[in-house]
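Worksheet: one structure, shown below.
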Amino acid sequence: MGESWALVWGLRGAVVLVVLGVWEWAGRVPVNFAFPTATATARAFAELLGSGALPRAFGISAQAFLLGYGAAVLVGVPFGLLMGLIRPLGRIARVYLDLLITMPMAALVPLVILTMGVRITSSALIVFIFSMPFLATNAYGGVRDVQARLYEMARAFDARWLQILRMVVFPSALPMVLAGMRYGLSRAFIGLVIAELLLAPFGVGRIIVDARSVFAFDRMFAAVLSVILAALLLLSGLQQVEARLLHWRR
Amino acid sequence: MVGPLTNVQRSATHPLGIAIRGVSKAFGRVRALDDITLSVEAGQFVAIIGPSGCGKTTLLKIVAGLLRPDAGRVEIGGVPVTGPGPDRAMVFQDFALLPWASVLRNVTFGLEVRGAPRPVRHAVAQRVIAKVGLAGFEHHYPHQLSGGMQQRVGLARALAVNPQILLMDEPFASVDEQTRRLLQDDLLTLWADERKTVLLVTHSMDEAIYLADQVFVLSPRPGRLFRIIEVDLPRPRSSQTTRASAAFGRLVEDLWGILKEMQ
Amino acid sequence: AATTARKLTFISTVNRPINLPSLIGLRSLQQDGIEVEVRELRESEAAVLAVAQGAGSFGTGFHAFFPAVERGAPVVALMELALPEFVLVARREITDIRALHGMQVASHSARSTQKVLLDFLLARDYPTVVPDFLYMPAGSAARAEALLAGSVRAATMDISFAGIVMRRAPGQFHILLDMTKLPVSSFYLIARRDVVEQQPQLTRLVIRRILESYRRGLSDPTYWVRERGEFFKEMSPAELEAQIREVIRVFDSNGGIDRLRGRGAIDNIQFQVEARNIAGPAMKWKPGTFFHPEPLEAVLQQLGRR
Amino acid sequence: MNRVARGEGMADGLPTLGALVALMVAVEVVGRLDLSLFLPTFSAVARVWWQLLQAGPLLGAALKSLVAFGIGFGAAAAGGVVSGTVLGRFRLLGQVFDPFLNVMMSAPLVAFVPVLITVFGISDVVVIVTVFLFTFFVVVVNTRTGFEGTDRRLVEMAQSYGAGEVQLFLRVYLPSALPAIMVGLQLGVVNGVKGLVVGEMLLALVGLGEFLVRYANVFLITHLYAVIATIMAVALLASYAVQLVDRVLIRWK
Amino acid sequence: MVGPLTNVQRSATHPLGIAIRGVSKAFGRVRALDDITLSVEAGQFVAIIGPSGCGKTTLLKIVAGLLRPDAGRVEIGGVPVTGPGPDRAMVFQDFALLPWASVLRNVTFGLEVRGAPRPVRHAVAQRVIAKVGLAGFEHHYPHQLSGGMQQRVGLARALAVNPQILLMDEPFASVDEQTRRLLQDDLLTLWADERKTVLLVTHSMDEAIYLADQVFVLSPRPGRLFRIIEVDLPRPRSSQTTRASAAFGRLVEDLWGILKEMQ
């Protein structure tokens, strides 16, 4: 067991090294005058961090993100739960949520820009549109998948409606809701990046676009990677929370 | 019994009888039950057996008050059933435990629903958990227990609300046969202890004859009462004395004969 | 004239009426047996990058052209395609530029040419005025509509759209700040260095046809409207003509030769430094780093200066 | 991280059609109220759409988009199924790449689009690569899950009848992974269309994305809606197409 | 038997005996089997019983050639086992049917793997499908069948390759008791028809005694051979005669006594 883990981690490390190596090599050749090396990108990243530009930018992006994702959670989860509790509503709303999930919502961005201009709220709206359907769909699925026998058990013990909600439905839906929050988060980040790139005004997107407009591609790479890093950090954070809340699943 | 419990655990001093009168139930076109009339005396152990789909579960749910019959009615201690009540508790085939709740929380579920204060809940839970042999497992989660132990939790949960009637739907169908035998004996001991009326649904002829005073055989499509078998084996029963007896073997074979007839 | 290439890709940003003269010039290369494919990109830097990477031989170079060269992109500016075409339109009651301080002003994006021009002018003449920019990275039409709808009270836009705004709501709006008066170039015809070196004939031909189009249109703007072909079909001819007439003053019939060399070129670079588009001081830059006026000079020799 | 939810995010059949019709009616009614420039009537959008279609540019653009999509998706589907198969059949490789796949599944890959320009230059290749990136990982992960999810008992059953590696693969692993692979392809189509749109909008103005930006630029709201509707229609049709293939291939469910 | 089948279905004219000699097997630290020695005479019906985790499945897989023992060996008809072979076929607890294949394709699976031509496959399949009572269901998919019918398919698949030895791992554990009884009787009839050596793993004492000539009782942790019970009940057996007999009851109770001892 221990050995095989050492092997697995060793190989993972090797994969990372190979990727970095190829990147560095491609930047040195260079494949393209615009393509920065890994080291240049690392340097730019350190600079952006050191100068405080990146933290500041993240501070701004975070506002749009929290506004959009927060609203999506506050609206999507209760709405999804409601859909699960009121079946006809669920069946109808489900179809529209499916459409929102299937359709490339990025196509709506120009419309958002035209109607709202570029403000924090426009970015937030895009983040909202991207993540809300997942949150609602999962909450809905969570309620819908409550095992019929648990309902029945609770009813057999003469539980009242609110008790069933509190003691059976919500805890039972929690894993799905949390999974939805995680997936929604990942989608929200996609929305944020699209908003930042297409609207390009405030946060990290601004660093990316500014860097690009002055052809500082090392800086642009660094900013891009920092967004991805931030997304992954947040996601793993949420995963921790999830693991803690769902300790009963082991 | 502890004093303050009385308002929660309504006196189970005397078990109640069940009277099922002309009950019918259809699901769309499927006539699950057709004019079932039978009665169970207070304190009796009664088994219901029949092929798959003959309406056993449906009948039990109607008695539990989870389903309304299309026709006929069920009376418990002479009072018509209108819904679930504290006089009945159910034990389920697949245990129906809350996976996110510890053994303790699962066992106290019924009491919590009925608003019993925490110290009362815990006192009662300790007692029934010990009774089903799970002392020390209070803080385990269902997935950490074997199937047999999970069903003990289900049993403890039903006992915790101290009902006069236990309704059991194939409670031992999901555990292996050796474990099942142990659980059956435990159930007999429990039942001897606190006389309750028991209505047990099963597929197992052996189980029905071994446990019950009376076996109701249902026939399918539509579900009808097909035969009543009186089990006059002496009590207390145990595997050695009861199962090894010729009378037991004969009763099981008779039952098998009846069931085969219907297939 | 004989040429080596049969097909040529021209990289542009999203076309606006201001691009029409050069597009018509490019299309007239047909007479030389050259088919021109115009590819539009969303970002001005993308256009420069595309040319630098060889996705096309020629293209338009906006603001992003200078930092691209600074970073080593192998491209040069061959001729000026337009002087600044942007103005700041505001509601009539806003008469003082100082009133813009803290006011919401719609502009394209943080580093767009129009925004940089405005920044430059404000920094030079009104250093205390800091507007609250609202970015609408769509075309001028969108900002014009926002202005008309009352969502903002001032906006930067193409001069051609200023006319539309004032025609649609007579007496309500005016041009508060005219950036077209700045003696710097707005965008250029750019090409990769190796194309210029290896295909001098083609280079000259492209410059020549564009210049010819400019000259014919400058004397008769309806020429452009007549020759538009596939371009701007969703606009009525009258509408297009009106818009073209608004922008006519940003076209130079000599291809901006005086801003590609000598004093003018230095001023042009100076502006880029002051706009913090490239690192200063301006002295350290030689005009030849960015500008390559020789082919244009040769063409002007053929056609004569106007 | 297992997202092999069958038909997740997939709109199916009649209810979707009903929902779309309801939406159209709602848009028409709201449009008639003349509340805002941004809410044109459905009929107006339909009229413009018809005009654009007849004039040709929209159809040509859609075709261009579809070609880019087809290449990107085809490459991702083929590469994804093969990689997923390898990762699923060779546990060690699967384990090694697991965290990377998870990262690629949940990271906002859109952010890479600007980076792609620097690598591939500005060309349709960037759009194709974007489609590929958006599609590839879902397909890999689902394929792999499909193979790893193969019932051990079926494998043992086959072995007990003397099935060799090739027979095991063809008769047990492949058929049992097929539903998951199809789900991966379905999700891949959905994601790929998203990648297509984002790619087209973010850089090269080609295909439908070109029209999106163009009409937004000149503030032709009704035209914009017509293009959006076209994109949505393409997305729906693409996902239906895969669903159809799925139905044909997996009849036993 | 049809002529052209012989090369595919190697002559099952005489059943083979099984000799298990000093077999041990550990999974990491878990000693699943410890020095098991037992032999099964050709044509005998033998049951293996024991508590959960005592290594019954492991032993069966070793005999099937799916697992290699750490020590000791298994001989079939005097020849050491090195892997799966056409002389043995297995029947699984949860049926292990290919869900995407029809009954016909499932039944012919073993023949297909062995490269039997299509007409042969179909002829054999028709015969065994009819034998297990599934004629008419050839083109159904597993999910369209009840549990009992699914296991009949599993049985038909094993019979199709005409093995000398049938290895059955709790074949009837997943069906309800009434169906199980029917399947047991069918199995007895089949076995009487084409004498094969049968090694049956089960949890059910009743089943072991009812079907087998000999019952091997394993004890867990580590899995050891604990006891051998000779079942001298007369054949042919049937529920009425066998189960109702006092001898049967006694044997089951003895077995239960042994198993309870180990718990």
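All chains are identified by letter, namely A, B, C, D and E, in their written order; residue positions are counted from 1 within each chain.
Convention: a contact is a pair of C-beta atoms (placed from the backbone, for glycine too) under 8 Å apart; a residue touches a chain by one contact, two chains touch by 3 or more.
All values derive from a computational prediction rather than experimental measurement.
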Touching both subunit C and subunit D (chains): A
Note: chains that touch subunit A and subunit B both are none
Please identify which chain has its centre, taken as the mean of its CA atoms, farthest from the centre of subunit B. C
Name the chain whose C-alpha centroid is farthest from the C-alpha centroid of subunit A. E
Highest contact count belongs to the pair A-D
Gap in Å, rounded to a whole number, between the CA centres of subunit E and subunit D: 48
When the C-alpha atoms of subunit B and subunit E are each averaged to a single point, how far apart are the two points in Å? 35
Any idea how many Å lie between the Cα centroids of subunit C and subunit E? 85
Between subunit C and subunit A, distance of the C-alpha-averaged centres to the nearest whole Å: 39
Would you mind listing the residues of subunit D that make contact with two or more other chains? 117-118, 121, 201-202, 213, 216, 219
List, in ascending order, every residue of subunit C touching at least 2 other chains. 43, 49, 53, 138, 142, 145
Within subunit B, the set of residues that touch 2 or more other chains is none
Can you work out from the touch definition every pair of chains that touches here? A-B, A-C, A-D, B-E, C-D, D-E
Sort out for me which residues of subunit B touch subunit E in the complex. 51-52, 173, 176-178, 181-182, 203-206, 239-240, 243-246, 248-250, 252-253, 256-257, 259-260, 263
Using the touch definition up top, name the residues of subunit D that touch subunit A in the complex. 3, 8-12, 15-16, 18-20, 23, 36, 38, 92, 95-97, 99-100, 103, 105-115, 117-119, 121, 190, 193-194, 196-198, 201-202, 212-213, 215-216, 219, 221, 224-225, 227-228, 231-232, 235-236, 239
In the complex, go through subunit B and note every residue touching subunit A. 61, 64-66, 83-86, 88-90, 92, 94, 96, 98-101, 109-110, 112-114, 141, 143, 161
For a test of understanding, state which residues of subunit A touch subunit D in their complex under the given definition. 4, 7-8, 11-12, 15, 31-32, 34-36, 91-92, 95-96, 98-99, 101-111, 113-115, 137, 182-183, 186, 189-190, 192-194, 197-198, 208, 212, 217, 220-221, 224, 227-228, 231-232, 235
Name, in rising order, each residue of subunit A that touches subunit B in their complex. 147, 149-150, 152-160, 163, 167-168, 171-172, 174, 246, 248-250
